[in-house]
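Shared chain: subunit A. Partners: subunit B in the first complex, subunit C in the second.
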Partner chain A sequence: MNPHLEATGTRVRRPLWTDRSRTIRLLAAVAGIVLVVLAASTLGSYPVELITQVLIYALFAMSLDLLVGYTGLPSLGHSAYFGVAAYAAALCSLKLGLPFWCAAPVGLLAAVVTALLFNLIALRTARGYYLMITLALAQVLWSIAVSWTDLTGGDNGLSGIARPVIGRPLEGAASYLWFVALVFTVSAMAMWRIVRSPFGQALKGIRENEPRMRALGYETWRYKLVASLLAALFAGIAGECFLYLNGFVGPSSLAVALSAQVLLMVLMGAAGTLFGSMIGAAVFVVLQNIVSSYTDRWLFVMGAIYVLFALYAPAGALPWLRERWARYRNSVGGNT
Partner chain B sequence: MTKSASRASEDIVGNDPAIGALPVALKVSGLHTYYGDSHVLHGVDLDLPRRSIGCVVGRNGVGKTTLVRSILGLSPPAQGQVHIGAEDVSRWPAHRLARCAVALVPQGRRIFPSLTVLEHLQIGARTGERGVDGLAAAPWTIDRALEIFPRLQERLGHRAATLSGGERQMLAVARALVANPRLLIMDEPTEGLSPAIVDQLRELLLRLRSEGVSILLVEQNLAFVLALADRVHIMDKGRIVHACSAVQLGESPEMTRRYLGV
Partner chain C sequence: MSFWLINALNGLSFAMVLFVLSAGLTLVFGLLRIINMAHGSFYLLGGYIALSVIQASDHFMLGMASACVAVMLLGAAMQRWTLARLHKQELPQSLLTLGFLFMFADLAFWIWGGNPQLVPKPAVLEGAIRFAGIAYPAYRLALIGIGVLVAVLLWALLEGTRIGAVVRAGMDDEEMVRAMGINIPLVFTAVFAFGAGLAAMGGVLGGPLLGLFPGADFEVAMLAFVVVTVGGLGSIRGAFIASLLVGLADNFGTAWFPQLSLFTAIIPMVIVLALRPSGLMGRA
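Right, the complex of A and B next:
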């Protein structure tokens, strides 16, 4: 029985396809990740790093999906949490000499505190203004990172951050990919649980009709604040994975361009699905790497691809694929 | 629930059998509400005794929905008071009011299109868990609501966007029921419903009244109002211009023609 029903003391019969099917899909997704990582481990360092990047950006995009897709809060400042976590962990390592197990939580705490401060301001506004205020606040952090050279290294950023040692050093590309895959899987499962919990249902209700949720007795402001903090936490995890992948963090990790890119990943994949954000991130990162290896004008090509998505798959890649799959099954069913 | 919210919800529930002798469940006095520069409600006064069904009727655009929104704190009034029992709730936010057992079935159903039927009921039930004390009848669980609306049981895993108009109305009513309201406010509940579902709704409202729920109906379906209401408030140009019993309204074709255009 669904735990929500147990909590309300009801004995509601549910359709057979729901929970069991979801669990199977979840296990299939985990098995898929393991297979991809296993296959990638046998390849050269470039594909391994590419897949590592895909997983990191997928985690980042899924964290934004909690806000955009599930809560209906369009943010253009999400890179702030990604960058702040990376900068804070890097500073703890370089300036204070803290080990990974201390630096990483401090970085995550910094991302969550930043989200708290941002959202105490931004949540006073409506949707369009939320986007503008998060953009402005993230730009403030970016300008601090560029101008406070003594602390942040300015445009040069902070470099020389060693990868964590977990049993053994994660220096090799393949071993770091395994680490990122583990972090990604745990984080993705946590987000999956969140969006299917009563809290997640309330977020979806707020996205659909916030005044109605207030009339149902939900203090929507608190729900939105908690969603923002959770999104910042997972964005911070992605930021730290990115930090230890490159051993470097610079102002580009706080830039509005990164916020726009991750928003595109969510919209290309399908907002409000988590899995769609993963697809969006994979398409974006792989295309970016492939296109940029052929031309310096890769941003132009990426823009054109996004226009095509907007024209032919406006709801995102995942609904587009589902529709094609349904049509294919119908045509096969019709022929037999 | 806060102490004052708890007191407000307790005040709505009474055991007195005679409606006329009951204290008020809802009292609206001198309510003025604006949308920007537009003055919509001009000093509305309205009483709803406990365990009764009160109806607000009037033509389109006279301010009925604004009155409901102002009572619930969704469009806060500029002047005037709203009392639930003995508690002045005029400045309460909507979520706090909902937690003291006041539920709304909004006009046009206002369901969440991408949520399933079950998710709607769970969202409604979560706030209702706090409000079940003090009612004589069994509390409204999701199970009990589904017994009333078996059609929803069949559609439990479906998204609300795929429901018909009648099913959406059933869902909106069921969502309000599982919140275990003591005061139920319904805005145009029969709009677009088939006669069979309207009959079912009428039976349900009579049953709720007998279980101790006070009901405020905003409605244009005069036959429905006359069959249900203990007291009818006629609204025109942002004011309550006349209040009488349903029998008196039914016997006055001049009144219905003048204010309701029927």
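Right, the complex of A and C next:
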């Protein structure tokens, strides 16, 4: 399909997915997260907050990757689920006085119901239009959040949402980071299981060749709908983590800019690999922090990155690097 | 009674701005198969350029002409040097235009600032016209006329001229048009530029009504997406009918439920997609 990938085809593929290596990788990943969190919590509050953000955005990006990378549905309305979960949970605790254990599931339910409504509409059209329709639908929610001031607080958003109490209140930055790291690990493992399951394989089949999957007897529409509901669920989890991190939710959590950011995170790594989305999110958040400290033109830089990726590395940075590496290895010659 | 008349006229004049904008989007999609995310940027840039020229020269028409020409050149350059390299790769093309959307949004914010600004109306259309017991702004009435005129001209251009025939043939079978010895890459660039120019014209026409502000690009682009989805991608006739539906739905919706703004604008889309997934005039 992509002529650039041929260079890697010459390598001998080892069977990577033996049971033992899978367990080792999983343990290594968990240990890695624990180490990073431990190291971070000894540093000041800035790195702790930064790593918390990275984990939240990584979770958000991985949830979008279920759609973009695995199912082949490019969504530009993914912030809708992130924002709806945050708004719903915030409203439950502010207006109804519900505790965390009630408000959080209600928020997730709201995100999934939103996804159900959106996709009943968006999945009726051909694949190319999905981007456009999800954008339009998400923009409607954003505009409601801005204009229905009685309910949503308008541009000021909703503030004063307390962090959950688990044994003890998660007030400190480091204790909240532990909470987010736990949520992230559990969610990431769940997504990992999903993409490795027969259901996940069917999604990949739909991505590669939907008519053939349909001919094989798969009701592809139903698979796409379930994939989008799952993606919304995990996006909602990320949204709520973000809500409790700041104690605040505003219209920017529903904005197109956020959807575009998270899509860029997925594409910066490599769509169709959860790990790539995680790396993409980390690079993106760090890059955004660095660029924003030098200039106010972050939006411009983000647009430029989009253009460069679309032109030179549409499959993502990891495949691009892999291809460069293969080319370099070939040019150095076969004496290694 | 006057509530209905005024809101219907408001809806119609808004629908005409939407039509001029969406016609460009649907034309570009029909021929080049690009969903141009930056279409709203062309609208915003067109409006801003016209604003600056009008403020400097005091001529509305001069502002409109320079905005259209400048944005057409920008569109031509964008298509020729970036989009053409990704021919027929739908997702990378959409992402590329999305990148341009952000770059243009930030540039416009940098140059023209963040405060909402209105494009001055042409002096002749400043006042109101009295009829049927209401006084109605002359500019909005003129917009309705201009919208219909643009629709007729576009229809005549596509159906009645040689270049229109080439474009229609390109929509159906690009390879065949190429085989007939027509320089289709040039036609692509021209049509993309033309679509950008239509968006700029929409920005100039809508500028005195809706104002120009950061985020207006997203707002109108979203409405244009709804319009072309309802009308059927690639169909000018569909875009006209859909503009009327969306314009009226949005106007009456905002009059009745101000907190649910934009929500009513997508109701035509929901209904049409439920009944005809390819849009009113779309070919499957």
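Of note:
One rule holds for everything that comes next: the second predicted complex is superposed on the first by the 288 of 336 C-alpha atoms of A that agree within 3 Å, B and C clash if a C-alpha of one lies under 4 Å from a C-alpha of the other, contacts with A are read in each partner's own complex, and residues count from 1 in each chain.
Here is the rule we use: a contact is a pair of C-beta atoms (placed from the backbone, for glycine too) under 8 Å apart; a residue touches a chain by one contact, two chains touch by 3 or more.
Note that the structure is a prediction, hence the values are computed from the model and not measured.
In the superposition on chain A, A:Ala86 makes contact with neither subunit B nor subunit C. Between subunit B and subunit C, it is C that contacts the larger number of residues in subunit A. By the document's definition of touching, of the two partners only subunit B reaches A:Leu216; subunit C does not. Applying the stated contact rule after C-alpha superposition, one finds that A:Arg124 touches subunit C and leaves subunit B untouched.
Judged by the touch definition given at the top, the superposed model places A:Lys204 against subunit B, while subunit C stays out of reach. With both structures placed on the common chain, the touch criterion links A:Leu267 to subunit C but leaves subunit B unconnected. In the complex of the two chains, the subunit A residues touching subunit C come out as 74, 76, 121, 124-126, 128-129, 131-133, 135-137, 139-140, 143-144, 147-151, 256-257, 260, 263, 267, 297, 299-300, 302-311, 314.
Residues 33, 35, 37, 82, 85-86, 89-96, 98-107, 109-110, 218-219, 222, 225-226, 229, 233, 258-263, 265-266, 269-270, 273-274, 277-278 of subunit C touch subunit A in their complex. Residues of subunit B touching subunit A in their complex: 72, 74, 93-95, 98-99, 103-104, 106, 110, 112-115, 118-119, 122-127, 129, 141-143, 146, 153, 156-157, 175, 179. Against subunit B, in their complex, subunit A makes its touches with residues 4-5, 8-15, 17-18, 198, 201-202, 204-205, 208-209, 211-220, 272.
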